[in-house]
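Paired with chain B in one complex and with chain C in the other, chain A is shared by the two complexes that follow.
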Partner chain A sequence: MPLLDVRNLSTVFHTPSGDVHAVNDVSYSLQAGESLGIVGESGSGKSVGALSLIGLVPPPGKVEHGRIEFQDRDILKLQKSELQRLRGRRIGMVFQDPMTSLNPVLSVGYQLAEALRWHMDMNETDARKQVIETLRVVGIAHAEERLLDFPHQFSGGQRQRIMIAMAIICRPDLLIADEPTTALDVTVQAQIVDLIKALQQEFGMAVIWITHDLALVAGIVDRVAVMYAGSLIEYGSVDTIFTKAAHPYTQCLLRSMPGRESAERGRLYSIEGNPPDLRRQTEGCPFAPRCSQSVELCLADRPSLGPATGAHCVACWQATAQ
Partner chain B sequence: MSATAHNQLAGGEVLCRVENLTKHFPVRRGFLRRQVGAIQAIDGISFDVFAGETLGLVGESGSGKSTTGRSMLQLERPTSGRILFNGTDLTLLSAVGLRQTRQNMQMIFQDPYASLNPRMRVGAIIREPLDIHDIGDKSTRNATVVELLEMVGLNGGHAKQFPHEFSGGQRQRVGIARALATRPKFIVADEPISALDVSIQAQIVNLLADLKDELGLTYLFIAHDLSMVRHLSDRVAVMYLGRIVEMGACADVFDRALHPYTQALISAIPVPDPGRRTRRQETVLHSDMPNPAAPPPGCRFHTRCPLATDLCRREEPEYRDLGNDATSHHVACHYAGQSPQTTVQARS
Partner chain C sequence: MTESVSEIREGDVRVWPKLRRHRLAMASLVIVLLMTLTCFAAPLIAPFDFDAIDLANIRQAPSLAHWMGTDDLGRDLLTRVLFGGRVSILIGLLAAVFGTAMGTLVGALGGFYGGRLDGVLMRITDVAYAIPTLPLLIILSSYTRATGLSMAMIIGLLSWMATARVVRGEVLSIKQMLYVEAARGLGASNFHIITRQILPNALGPIVVGATLAVGYAIILESSLSFLGLGVQPPTPTWGNLLMDAQSTMATKPWLTIFPGLAILLVVLSVNFIGDGLQDALDPTGRAR
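Right, the complex of A and B next:
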């Protein structure tokens, strides 16, 4: 039984200029303790997909249909209060920008203890102990002296550590990390990646990494899902995606990474054109207008992704024909 | 290695020389806004940019790389030091003289959403430098705008549109067209691709490379994405806390990094290979950069350096050349160039 099972998830933003289909019929599953990388460009629906999992899609967005089963409960059918008990307790989330996701007028210790008082009904003494312990785990030096400090007194990397501490303080079963390193320097990125990896092993959490950086997920996840224009277009083990990518978009992404063939210093491989406007629902494959291998069928009919059961799945007429 | 790199290595012409450049930002406190200290954004750096090369400038945020680029164009007035562009000292120029020289040096900014005026049509944005520098008359200016748009892969019809009608990649193309309007020789590109999507980054990098070949441009390419810097640059300078700690030909710096900081930066690049799950752990940096208002004594990197000794804590390392006859490879580290055994002995 998977920890998380997402079936035919579709999230739509009803805007005055038309419906934006941010997430379009996406299905995947995640076992306990497993890590999944969701890779895509901005506007590919990777973040909205994750927010849909925890009922945090901002208005005018709405989950139109689909089923999200987490620990055998359908998240979409939960009451608001039940959802609140789940968020932060069973599912932790780390957002991209640690400055905007921490409250600037509350001390860090207070913000961390809030989760414990809310979810675990802990008293002040126990909560304090747990906060110090968790800050130590994420690598904040002199934790007990820094409880009363405010977010602006910490550096960017430390703030992201505090965000991670907040997400894991109740020992969740699933951690969703939405571009946790994008706002950080490469050196700090390496520290944060190592930290989340270590925490995953220690607590046996499942982790969903959302990123635009294919190179980043290579060393850290078990499986990769590639999204394009709201659709899941390829899904497989990390080795399969990197060595036997079948979807032309995934192949393009891999080829356009500099240094993959490090000796070569010619032109970078680039995908021409721009991602499509999600307000216009096309009949065919969303990547077809930019795809060098597209045929008539690609423009006329949308290929579907086979049942995501851990095997290598791809939504491409050409790839499945071969 | 490109042809331009060979020219440079054979002793190419210096286009821009930076001498002992220092930029301190005052820190003011209290009711009287008294100066209580200074952020040492750049602290006495010197280097040359050769005509026709791409010089990559890398470092963490706060290392002073953007301030260096902005000072070279005199967008920040340096605290001290000289900037010689084609032999003219820019720091001595008047506003009028500086404006004339600026025709030859332009900037591409990081965020194409913030660097284009949302109320101006794209045509007017690109024409503005021509208006300011009074190049050509009205009809030739408009023709130049169309030419520039086509040069960066857009078309003349785009001139009538507003920035919000464009995607991020297209906006960055507009920013590049604006930078090229006055036919500059030297372009400072400050993180030109970091705000763009992955599939668009390669397009812009290729465009920059094509324009360089076509127009004979010289770039200062500021970035934190080391793999892109490696791809695009002929030479690389690595900055840490307002100083250049290592500088040399791209291949030398990336394949034979001498400074522990450069080694740490390189080992932090994610490797797009699922087989290599472990990183060289000894070079992962564990703490944050010290406060630039109070840089540590001795070697500025010693607080984070895995190899630091008493000597590093006490004495500032000399910025010396460890290259061979053909290429220079500068580094500021007491132990650079020594075999690992000697380094270990020195430590124990």
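Right, the complex of A and C next:
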């Protein structure tokens, strides 16, 4: 039984200018302790998909249909209070921008202890111990003396460590990291990545990495899901995706990574055209208009995510035909 | 150890130690407390009776016998200012607290929940703004007996709207902040988000509004008294001392200056206290 099983998830934003289909019929599953990278460009629905998992899609967005089973419970059917008990306790979330993710007027010790108070029913002495312990785990030096410090007294990297501490303080079973390194510089990025990886091993958490950075997920996840225009277009183990990418979009993404090829050509590869308007639901494959290999069928009919080989799935007529 | 434990629980909104270092705020606090004390001790320390008419000494300028001069009936102004402060300070502070609490509640609920609740609350605010004060006061005055508390509540009812609008605007912008979403992601309840995450960050404008409300309440009280809802003459309040002195401002300025000064002092002090409070609550402003 998987820890998390997402089936046909669709999230729609009902805006005055039309319905935006941010997440479209997405399915995947995750075993306990496993890590999954969800990769895609901005606006491909990766963040909204993650927020859907914990019932935090901002209005006017709404999960239209689908099923999200987490630890054998359907998240979409939970009461509000049950959801609150789940968030932070069973599912932790780390957000993109550490500079604004901490409340400026509350001390970090207080903010960290909150979740313990809500979920673990801890007395203040134990909560304090746990806060210090968790801060130490995420690598904040002199944690004991820094409990009463405020967010502005920490650097960006430290703040992201604190955010991670907040997310894991109740030892969740699943950690969702929504581009946790985007706002940080490269050396700090590497530290944060290593930290989350180490924590995953230490606590046996499952981790969902949401990122636009293929190179980042390469070394740290078990499996990769590639999203484009709200749909999952390819899904497989990290090795398969990097060596045997079947979807033309994934292939393009891999080619756009800075590497030997771009060094020889002197410039980075980029994909022609723009992502589609998510308000318009097309008949065919969402990538077809930009795809160099598209044929008539691609524009007429949308391919579903089917097996290419074994656990490697791809939503492309060409790839499945081969 | 025990101390740090409790500090962590209180979210170490450790306001008091920081407020104590804010000199202006502390001086203001002392002034307000002193004024309140002296006013409430007026029956003991005032040199005359507040309604003792002395027709031999009418309209006297300040002198050693009458530090603030005398009015048209020869009553000692210092005595009247002291007695007036009992009503004015009480009503000023109480009404400001009441109006600010109400405005904050309405604004926070509207801004946070949005949608229909926001629509209803804001329309109520608009209507409350649009109702002219005087007719409303006349109606209210026929239904209520004047006590300090009821007057403070009525004044609060007349002055919460500006705060409500400002707070709503603040809440609208703060609730978009990532830390609010992060708190949700940790399993925070709406109550926690409003009281712990949002309102502390909206405190600046709330405090400013409360400060202004104190002065407004002191003045409004005199209108209430004028309409027969408030304190009846000859019992003085700062508001009706000012009103009475309006016509003679040019010839007998002391009748205006002293009550005016008293109001100014309280309003200004409250303002500085608010200022200090704001600084104390802002963790980045530690240097001051």
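Note that the second predicted complex is superposed on the first by the 311 of 322 C-alpha atoms of A that agree within 3 Å, B and C clash if a C-alpha of one lies under 4 Å from a C-alpha of the other, contacts with A are read in each partner's own complex, and residues count from 1 in each chain.
By our rule, contacts are C-beta pairs under 8 Å (C-beta built on N, C-alpha and C of every residue); 3 or more make two chains touch, one makes a residue touch a chain.
These numbers were taken from a predicted model, which means no experiment stands behind them.
Asker: Determine, under the contact definition given at the top, whether A:Asp72 touches first (chain B), second (chain C), both, or neither.
Answerer: A:Asp72: touches no partner chain.
Asker: Would you check which partner chain A:Glu145 touches, where first means chain B only, second means chain C only, and both and neither mean what they say?
Answerer: It touches nothing on chain B or chain C.
Asker: Is A:Leu102 touching anything from chain B or chain C once the two structures are fitted on A? First, second, both or neither.
Answerer: Second partner only, chain C.
Asker: Looking at A:Leu216 after the superposition, I want to know if it touches chain B, chain C, both of them or none. Which is it: first, second, both, neither?
Answerer: first
Asker: Contacts for A:Glu283 in the overlay, against chain B (first) and chain C (second): which applies, first, second, both or neither?
Answerer: neither
Asker: Which of the two partners, first being chain B and second being chain C, lies in contact with A:Arg89: first, second, both, or neither?
Answerer: Second partner only.
Asker: Pick out the shared contact residues on chain A: the ones touching chain B in one complex and chain C in the other.
Answerer: Residues common to the chain A contacts of chain C and of chain B do not exist here, since the sets are disjoint.
Asker: What does chain C use to touch chain A in their complex?
Answerer: For this pair, the touching residues of chain C are 4-14, 177-179, 181-189, 192, 196-197, 200-201, 281-284.
Asker: Hey, which residues of chain A end up touching chain B in the complex?
Answerer: 41-42, 139, 155-158, 185-191, 193-194, 212-216, 218-220, 238-239, 242, 252-254, 256-260, 265, 267-272, 274-275
Asker: Along chain B, where are the residues that touch chain A in the complex?
Answerer: 1-2, 60-61, 167, 169-170, 197-203, 205-206, 209, 224-228, 230-231, 264-265, 267-279, 284-286, 288-289
Asker: Would you pull the chain A residues touching chain C in the complex into a rising list?
Answerer: Listed in rising order, the residues of chain A that touch chain C are 54, 56, 84-89, 92-93, 95-97, 100-107, 109-110, 113-115, 118-119, 124-125, 127-128, 131, 147-148, 150, 152, 163, 166-167.
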